[in-house]
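Shared chain: subunit A. Partners: subunit B in the first complex, subunit C in the second.
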Partner chain A sequence: MDIFSGLLNGFSIALTPMNVLFAFIGAVLGTAIGVLPGLGPAATIALLLPATYAIESPVTAIILMAGIFYGSMYGGSTTSILLNLPGEAASVVTCIDGYKMAQQGRAGAALGIAAIGSFVAGTVGVIGMTFFAPVIATFALSFGPPEKFSLAVVGLLLAVTLSGASIVKGLIMMATGLLLADVGLDPISGKTRFAFGVTELNSGFDFVTLAMGVFGLGEIFYGLEQTMKGELVTTKVGQVWPTMKDWVASRWAILRGTLVGFFIGVIPGGGAVISSLVSYAVEKRVAKDPSQFGHGAIQGVAGPESANNAASSSSFIPLLTLGIPGNASIAMIFAALLIKGVTPGPFLIQEHPEIFWGVIASMYIGNVMLLVLNLPLVGLWAQLVRVPFAIMAPVIILFTAIGSYSIQGQVFDIYSLVGFGLFGYALRKLKIEAGPLVLAFVLGPMVEAAMRQSLLMSGGDFTVFVTRPISATLIALFVTLALGQAGVALWKSRRATASSNSNRP
Partner chain B sequence: MKRLAASLTAILAVAAFSATAMAADFPTKPVQAVVPMAAGGSTDLLARAVEKYWAKYSKQPMVIVNKPGGGGVVGTEGVVRAKPDGYTLYIGYGSGHDVVMPTLQKMPYDPQKDLVAVSRVSIHSVAIVASAKAPYNDIKELLAFAKKEGKPITTAVSVKAGAVDLALTAFGKAAGVNIVTVPFSGGAEATTALAGGHLMIGGGHPSEIIPHVKAGRFKVLAVVLPERDPSLPNVPTLKEQGVNVATWGSIKGLAAPAATPKEVVKEIDATIKKICDDPEFRKTMADLNQPILYQNSEDFAKFIKQATADYAALIKELNIKID
Partner chain C sequence: MGRAERVAAAVVIGGGLAVAWHAYAHLKLGMMISPGAGFLPFWVGVALVILGTIWLGMSLMAPQPQAAAPAEAPAERPAGHPALTRLVPGVLLVIAYGWIFERAGFFLATALFMIAWQKGIEREGWVKSLVVTIVCAGAMYLLFSFLLKGVLPRGTWFD
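Moving on to the complex of A and B:
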């Protein structure tokens, strides 16, 4: 009964015209920055922070910022699907099947499913938050360094399987991603590695720059070659809305993605990325025809897009119940609340119930707004594929360059963007999927730091990874998956050799 | 000839006038304040609190730019190389990379010669904390517990060779116990791991740990300052508890490029002084658990010199190296 009266009170706050207006502004802004490559929610919230001082009530300020954060998750899929340009780590997976769908003239279906999946996941995520926040928060705290290591290792394994047919290519890309991630500060000793005296490299390569280069620019360079040969990449708009068949194919993927995202997203640092990976892997495994994955399977868009949205809702739980910010955007919201004299944490619900319930209620409203806002846009975005390549290419190059410059205000990042673009082009020519590289780049530092922290804690004893229950379970899962994968590969190669032998005259 | 002399005098007069006018008019455009740390951290919070009240005492707004990376070196170097006109400031002067790092590794600039101190705003001391469930309540009990168990004391710290890491390592050495510091990427991550009960003790700045203390998750064992921290008045220092170790923690002030005109530095310092005296600012800082310990430009420069020397002596004594 407490929860319901609280929620009712929350709605009475969230539904005041002022708060509805700010939730709407947040949703619009979030969608916009999600679509613009390079501009992330953390940077936008940081820029807008001074403006929030002028807003009298802390509830209104946090409603605005929360709207920007989860709004950007809706927008993030748009460029991944249309342009093969992931705006953040959690939408790298969406590129794989989403962009293939767009090339097949099914951009509308992919965008539509992503919007609906995001809505369902966002709403279920908020419902979960309403009822289970304190329980989930304790679960998040139980992830210490050994658990994080084991989780990230499972994530790496799943990233390798994204490579499609060739596991070897996937492993090569993973290794390359791990090497690139080593550039910059050593997370444990504080020493600079592989910077070769370049000050800009002291902090390592930037993730967004890497992703935009390898995926977006690489795709453009490749497209340039195709256009010069006289082959148009795509001009088909096709069906703007998902068909009945698409719905039926995606409904369980959306629900599974939501559950995965809600639970894994709550783990501070990397939760959203790993949840999108796990969701993709789950969908591929339960699919009747896994060979469709990597060639435009709609479940490959529906699952991960739902997962990253559910994760964005559940990442509020550690903040609101424990006072622990799990990612950069949430950290900004944390800062804004502190400056307003509100300390998020276990007492928030007693000291400031209007904030706790007001924000939750506004997230119900915000998700509806985002759906209403995004569905009509699907038709509009889908028309983008009709824009001639000669116009589209320079515009994308300009936006990615501005995007990578804006992150740290360094010209150096534009050079590395171009470098990564050429690298991405080479990968495209060699028919190597870049997904594992980009994801290993994100997960690598997590694996390294967590492993060395665990070993410092245990005095160098490796059994720390198998004596703690959560970590042991994850390691067991890793071993099962790896052996299963190896078995399948071995069986396939045996069969292939056998059939090629029998084909010989 | 006469005309030439007259016009020369006029030019000189104008030049002289504009120099003073520059300080008097300052600022005529928004002032950019670089925070070389991630948004949302304790330095960023301090900067944003200053920014909020800056508008009250200055004709122009302050714009905060977060330039994290390289442990703070990247953003600070940007300020060092900026035009020395007072429109590019550095907030966070006195942090680990200004007073600790120069002793440990080669820097692309000299934090004392290439920057001019403007004003000190706060000092973030290092507090030693433990989980509220831990069987020890002060340093003496912690040491007795460690001796009885015979195991190293695992300690969560924000970053390697930062102010917190140094303070805890020095504590271990002085008390004769085996402290194993486990570095995380920032104070928030370190306190989260400690809150999950994954380590025995941890070190953190009061702004990071007080919310957890209020929530009943942490208890504070000691403060590593020469005197008690105003934001934790009931917590005894290490020295009071018989361990002869004290550090300056992490100092938080403002600096500008070295060649910035003296008048402009004075003007900014005066504005910061007014902000530090503002009752509302004092309340905001109290809410953030950051004590206001203002110093003017000259005193702050001397203080930075002293703190750097103290840290250098400590590092030498502990024989800490990064290579």
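Moving on to the complex of A and C:
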């Protein structure tokens, strides 16, 4: 099936009334979650994972999840601009100039350019995905166990090193995720690991319970310690269609943000947060007058908002072609596919073309829906932040508890959920990213199986991972990237020391 | 944060040691050509010990935050710390919900949880608490029973 007939087939699937409805539900939920501070896209998708059991078609389930993911990127800008309150991490940088624009009476222009930039970038990202993904999937067909092992480990390590957080803490999370994935029956030897006589643990921890606990319940436990109150939106939104001057000022920023976001989104660990930060830095660097940044420069909104949407589209590429989720939200979608009996990876395009092309086609439709939802209804979305925590918290707790119980009908899962919730709370308190834990938990079984198969293939020779060309290239690429990152960090620290020394009287 | 980090690092080291020992002694490492069930957990445990030690070292070497002036501390401290007045009761309520869920059944357990939350943690009035309870319990039942086709317990106490 070539790209165009595949895409045509995808549209015929995505345009069925049921799939359009679920794309719409995903877009609405995603926008709402993006607007509400606290719950991010990963937590929301985690909360909705039990729903995937009830949705019969895997395409429909993934269309819903994907809609939430890219919808949250659209919604995140609204509260950043109107309230200086980022709804999710990728919109933090939008606060800087977006809120200043709102204070200057230009909230409408900022919201309008954010929505249009998001639409352009999201659509370009999907077009890029349409053409690149099948090529990468074809290439990945030649991967054997050593390549799969190297790819998964390098993907995990990249997610740890590029996340911007502490590398040591990220590696600890990665190791913990691998250990949690080991709980239960070992598929090769048949031995039970770390169950300690608890029969419910023989089948291991359920991903849905783990994800809902660490992201959903952990967030609520953390919120209980804070004093959260609904804030009233008093900023006048005004005309949301940007003026010609705004267009001229932001068109290149949108294009640059799109390119930056697309390429960063493909790299595991890259994702929407880093792409928006990099895009802001790029815009500031290329600006004729960088002093405008931080005082309401429209490029400071257009670039990052475009970048995070392009990244959210392109982060589907490693998932659908290599079976490697690059960030926590994509790991949830990976889990949803596994729940539906579909293994993401290079065979997906051949074995389940309806899922591959259906999801891509739904993203084109979803982007149009989001533009229509976001431009005229922006004022309405902003009012969502008034939902009191007193109602939101117990509702989410009930949702996660009943959701985890309903998977296997056992109360043990509610207790596991509380345990993971407390673990997620501790991670928030210690400022540790939970992303690597979830990624390692999802990839753990594949990493272990690929490692054991590789050692069996090579007669117990560990050099198999560096003597096979693709595996060796992947490892070399990671080493180069890690060394480059360490070099940049060293150069920055030396420059900072030198400048502080020169400023000293 | 410094003390919490040191405790967390010590937990990581202890956990790593326990995992490595359990994997070595009970799960067995196997041979290089055919690694056993304990091979990966053993090395992950060892990695946790090394990483935990690095973390502990880093938190010990990090500059300690300066203690607040004694005169200011009592004035800034709230009457009840939210961890004790909200977090601990909140966690206990969820555990109690799990305990009562199959015994009392979905409706009664959910209603009791919501009432206890609204009155005990949020200190809301009776009318608002009852309205929120009825709406939430009804919405959850509709969602999980009708839309998601889940099986919710009716309660063993009433059998």
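In this text, the second predicted complex is superposed on the first by the 266 of 505 C-alpha atoms of A that agree within 3 Å, B and C clash if a C-alpha of one lies under 4 Å from a C-alpha of the other, contacts with A are read in each partner's own complex, and residues count from 1 in each chain.
The criterion applied here is as follows: contacts are C-beta pairs under 8 Å (C-beta built on N, C-alpha and C of every residue); 3 or more make two chains touch, one makes a residue touch a chain.
Please read these numbers as outputs of a predicted model, since none were measured by experiment.
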First, second, both or neither for A:I136, with subunit B first and subunit C second: neither
Contacts of A:R193 with subunit B and subunit C, given as first, second, both or neither: second
Subunit B versus subunit C as contact partner of A:A54, first or second or both or neither: second
Which of subunit B and subunit C A:L437 touches, first, second, both or neither: neither
If touched residues of subunit A are counted for subunit B and for subunit C, the larger one: C
Partner chain in contact with A:L373 - subunit B first, subunit C second, else both or neither: neither
Touched partner set for A:F334, first subunit B, second subunit C, both or neither: first
Which of subunit B and subunit C A:G459 touches, first, second, both or neither: both
Partner chain in contact with A:Q226 - subunit B first, subunit C second, else both or neither: second
Touching partner for A:G409 - first (subunit B), second (subunit C), both, neither: both
Doubly contacted subunit A residues - partners subunit C and subunit B: 50, 53, 188-189, 191, 409, 456, 459
Subunit A contact footprint on subunit C (complex, rising order): 1, 4-5, 8, 12, 16, 19, 22, 27, 30-41, 44-45, 47-48, 51-52, 54-55, 58, 82-83, 86-87, 90-91, 94-95, 97-99, 101-102, 106, 110, 113-114, 117-118, 121-122, 124, 132, 136, 140, 144, 147-152
Subunit B contact footprint on subunit A (complex, rising order): 42, 46, 49-50, 53, 141-145, 184-185, 187-192, 199-200, 202-204, 268-269, 322-325, 328, 331-332, 334-335, 338-339, 341, 343, 345-347, 408-409, 449, 453, 456-457, 459
Residue numbers on subunit A that touch subunit C, as the complex places them: 50-51, 53-54, 168-169, 171-172, 175-176, 178-179, 182, 186, 188-189, 191, 193-194, 217, 220-221, 224-227, 390-391, 393-395, 397-399, 401-403, 405-406, 409, 411, 414-415, 417-418, 421-422, 425-426, 429-431, 447-448, 451-452, 455-456, 459-462
Contacting residues of subunit B [partner subunit A, same complex]: 38-41, 44-45, 48-49, 51-52, 61, 63-71, 73-74, 77-78, 108, 152, 154, 159-162, 180-185, 188-189, 191-193, 195-199, 211-212, 214-215, 283-284, 287-288, 322-323
